[in-house]
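Let me begin by handing over the structure; questions about it come next.
All chains are identified by letter, namely A, B, C, D, E and F, in their written order; residue positions are counted from 1 within each chain.
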């Protein structure tokens, strides 16, 4: 099993979710994050104070999938999350040692 | 060392935390997340617009433990986070290459 | 490639970010988290009810770097995030199987 | 017996609407015939229009904010909706028959002669001298604002767990069988406790609603808390206020709006209104200090929630006394009320373990009782010749009268509440399901969420 | 042709400021010469001062909260700023020439004799009898509050996508070529629809602004929604309100403030003011119930947004009628308005697919039209001898008059809006760039964010 | 020397409570003896009751929201609590002796004859003609609302870092040694600057508190900012407002409430009140425009914070002038004030580097000074015969008088503040510990958090 973490633009979340559902990914966990990278932030001004906000709001999607689904999942994310502009985000993949479904105690790919 | 990530229901957090403390887990990091899975979301209606909200609020608990504590920790989470209803959540385990305590620079299991 | 997760104090974020930028880390992803550990929380009282809040607000910084940059990155975090007081946080390092830049599809270290 | 609660609920809405429609269709509005024996005063009208607006503001957004800030995020809209529902439903009940029950002449109740507001003139004062210098409709609408906030106060007791439909029916019924008669007893022409007519059984002083508004709502709240039972997880789970800043804003608006409530109860822009305004303000400050100092001494820190709770307790306690006492007595009443309500909301509640979620009993029930009794201690004819002297001015009798009215109010409120709740429990049920309680009222009762940050 | 929009915008600001400066410098304020034939009434002044404050409160914070709660988080400040800009810009436009256009004597418009408020006395009533017992300046500033809120209402149609500069210029122009003339037609001395002078073309009843305020803003809103086009992603993407609690607070403040709007339109603390206050309150409750019941029947749940939308619809619909009907007719108007506006904001909007983002048309355009027409049905000389009888009182003619005024208002509003928008689109452009729309108005237009939690 | 600060603080609370108790017990309220020579006016009373409520609303929730929106999330309650504490503590100080110091007859101060409000009648006007047509108690409570907001304004300077106990003691002392005497000098019978008695040293015009309220609080704020030092991390760390929407709501409520402040200062529902209302409104809009245009020109974007800051600057600057100038002069004053305060809060502050956290000095100190001086330029006897002519009407002398009053106010405020702060620093200490500052005032001072989302 692999854990895929994708950091994508907010307004792409729905599309990515639908895409992943279509290729059979049945669960995912989403977190609000702030990203720093090539994409520029913005400036804010409050009376005399001026701040450059380097962080851009993003969402992180985590999905755990069986090894043979990884390619599909990555391709789907690449397809649905891409705008072609700087700041589209990243996909990071890590190996997973174990997965457990809390409700049933099932482990491994059965837990997904 | 292993990193255990457990995605559980909000109102189970306290119980899980106490349970883990009892089996000797001394630290953890918690994140608000939204989960998508078998558990159904809800509908919202605002004047003419109707939305199906597929994501359910969950909390993610991350704990890093020595290899010999993993079993205990997982069992504790299973016991304390379970309601038996769909949506109880998952536990994911990954190998950790290194841990460092920022305050002291200690590494490995000493850092926990 | 390695993924470095650092849990640090809120008000250290800017410093850590600048430090990392200086040693050539070009991207990072930040999440608001709550930490439980040796550092004490606080008490809240609302009329008759008294709560002990064990969780302390922290930020989690995630950076993915090439293997040869790991040492530098960790050292930088240790230097910039440290106050010497309990609660400075942890650094966790995991191996990364793959990284992809969504915009271009580049993989591996090119994706960073 | 009843098969589908949901369809019943819908039916109910439709029936109410249809009744209103019918009422409107059948009865064309006509202005009252004129009578020469009155003199409207534009200053008094100006103040009473303003006061009416202020008292409405107390419920929405005032109380709605005060209460909804104290619940958990998932119930913020449900809690606001309870106050809002009173603004809507009690207004229509008042139109249909509520005002008539409360303020038409009668001993136990006022009857139904003023249904659909028939005979309530926009141009002339009421026939009984409730308000000699303003049109009858203005008195009617001003009193409506009181009728709205009173049941809204009760909602604090069963926050975060009652079905919206049950809440609506309960409070409509409660308003009809508890509030309206009680208002009649204390303020209505011919009412048993109405001071000064010479026909009353027991002359109790209640300037702006210590018994009618606060004891009635507070005691009913206690009954509700006991009857419905605790929130799931109480007191084991932490249930801190989700947005104390809302409670702060709400409390500040309550303070401001309460000038309409108390000084407006002079029903004129007169010296008496000024006196009530001043008494209200000083008692509020004193009670806020008193609660905060208690907290500081007992817990080591004065809190915002403590300060604003004290202020509300002071506002409650001065309400019955506001037109009968000067600023010194007001400060004394405030100091006592702040401390007593502090104990009611902390030690007392914890000792008995009921889940009066937002302390409607602790603040309104106890604060109202303290205020009603202290009115019998501090009232003075120097301040208001139309009132009575209290214990300190040599008239121990008045304290007794106050006690009688307090007991009667407790009894009516408790009995009325109990009966309605029992009937509703046996029919449509009172509480949301456990699942819905966990998910929250906003999504389950209203299909919305408060914040989408 | 125009090279740099940005510098033009800046220039514009500077020019406005300079003009104001010049006006101030050239024309020293002088008090008007005195005239003996008037009698100020302190009660009326008190009520009208209060009403003016209340109507300002309707825009800020009332409407600003109501609207900004409905948008997405990234546009919360931009939306508030639109209401705030009206408080600032229309005030200065009124000072420069707006008031003169609207209220100086004339048939189609009032001309420019009262520019810089010359001749508008702080001490004496106006020369035409708009308000006999209060100083002219008070009438002027009270009317200003109406002129502020009307364009602010329009902003609901193009929320989340219009450039701040374009919005400001559009609404300044709109106020000048739509609002001011329309106010003149309906209320101004010599205006074509002004009832009761005997000089009018068609005597339409509009007590507090059903045509002038609500139809004009609502219809213009529809034109804006159609002309600007939908928000990026609408209706595919979910765009739930980011903070319904704000909308609730806003709606409650609108309700409270509306007493100043409607009862204030009696321009005295009189029986008529009381009658308008009462009609307003009961219609509002009825409409809130009506909308909520519709929702309950159709969707299975009554919502907070439904309840408050219904309340606002009721407030809108009763506005033109408030000084001409009693409480029963008010309830009837409210029930109809709540249901009709519910359909307008749900079925109608979805059928035609325009993106009237915050339902400015559905609530104000439709609600205003319903109210204006029903005024012609329910109006009664019993309630207001200075008014007229409606259909139900045997005068079908009045309904026709109302219809004429409605049509004229629709026409003026639509035409005026269209022309201004077309000009602006061809010059500085109306919408923010797609990127800016995604990032939000707060950061891109104002360099700020609403919440830093 | 002092061993336990905490126990001292608790003691203090207990002592205050005990004193109040004693005062209440010893001194029974009695109504004043009657005197025939007065005539109350219900319209004036109505307006002054309303104004008193409006001015209280300015502090809570108005200013509390305006300020608390500008701080960081962790200090939101602490900041609200500072305003709330003034509502409570100054009320009781006023009751004990504050009112007597400020308004009893005397030259430098009023003495203690009216302690515990003895002799302040609810039924008759005050003996000195402060307010001829309303009861003395109404004047007293109206003035109290001014006494509350003034120290609350000061809190903007030391936001996010002062101990609650120190803040409370500091502002109680400040109110006693700075505000009360100053109010006496400018408005009190026999005061050195009180215009029109013929006994004054220098006749300065201050209609509603340019010197007494705004310069005094603003200058004291600067002293506080310098004396306490910067917030930890300022200006290196980003400290953006945590909730600008609150600041917006607060500013809008300030605008609305300020009508009570300025038009209420006519102490009657008169033409003068109307004139002040109008001047207030137009100056505010002009200043908001002026600030926003400056920002647009200098920074490329007009901001919400800029707009509302400008509005508040306008309200401040027009305050002393509001009863002496017409709308044109008001617009001129607003335009100047907006621009000057913009520079004070941006360039000036950044140049000198003090941490006046919420710009209490930049807005109130500078805006008040600008207003006080411009009053001496634009004042006109045409507008208010009881006032004086200014420079533009041929009386250069008045500008000088204004300058003298301004200097005296700066001096008193600075000296008083410095002395109290120095004493407190040497005893209980002023700032929270560095740890507490990082954790925030909410948790460390009050044991609560603002939001639990």
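The rule is simple: a contact is a pair of C-beta atoms (placed from the backbone, for glycine too) under 8 Å apart; a residue touches a chain by one contact, two chains touch by 3 or more.
These figures come from a predicted structure and were not determined experimentally.
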Point to revise | Touch-network distance, subunit A to subunit D, counted in steps | key: 2
Check your understanding: Which chains are in contact with both subunit B and subunit C?
Key -> A, D
Review point. If you tally the C-beta contacts, which comes out ahead, D-E or C-F?
Key: D-E
Practice item. Go ahead and note the Å separation of the Cα centroids belonging to subunit B and subunit D. Key: 45
Check your understanding: Where the centres are mean C-alpha positions, what is the separation of subunit C from subunit E, in Å?
Key -> 51
Check your understanding: From the C-alpha centre of subunit E to that of subunit F, how far is it in Å?
Key -> 34
Review point. In subunit D, which residues are in touch with two or more of the other chains?
Key: 41-44, 46-47, 50, 238, 240-241, 269, 299, 301, 303, 305, 447-449, 451, 453
Study note, to complete from the structure: Touching at least 2 other chains, the residues of subunit C are 31-32, 44-46, 94-95
Practice item. Give every touching pair of chains, nothing left out. Key: A-B, A-C, A-E, A-F, B-C, B-D, B-E, C-D, C-F, D-E, D-F, E-F
Point to revise | Residues on subunit F engaged by subunit D in the complex (per definition of touch) | key: 6, 9-10, 13-14, 16-17, 20-21, 23-25, 27-31, 40-47, 49-50, 52-53, 56-57, 60-61, 64-65, 68, 76-77, 80-81, 84-85, 87-89, 91-92, 95, 116-117, 120, 122-124, 134-135, 137-138, 140-141, 144, 164, 246, 269, 445-453
Revision key, fill the gap. Seen from subunit C, its contact residues with subunit F in the complex are 11, 14, 42-46
Check your understanding: Tell me, which parts of subunit A touch subunit C in their complex?
Key -> 2, 6-8, 31-38, 54-55, 58, 60, 74, 77-78, 81-95
**Study point:** Sites on subunit A touched by subunit F in the complex
**Key:** 44-49, 51
Exercise for review: Could you please specify the touching residues of subunit D with respect to subunit F in the complex?
Suggested key: 41-44, 46-47, 50, 54, 72-73, 240-245, 248-249, 252-253, 255-256, 259-260, 263, 268-275, 277-278, 281-282, 284-286, 288-290, 292-293, 296-297, 299-305, 307-308, 311, 325-329, 331-332, 335, 380, 382-383, 392, 451, 453
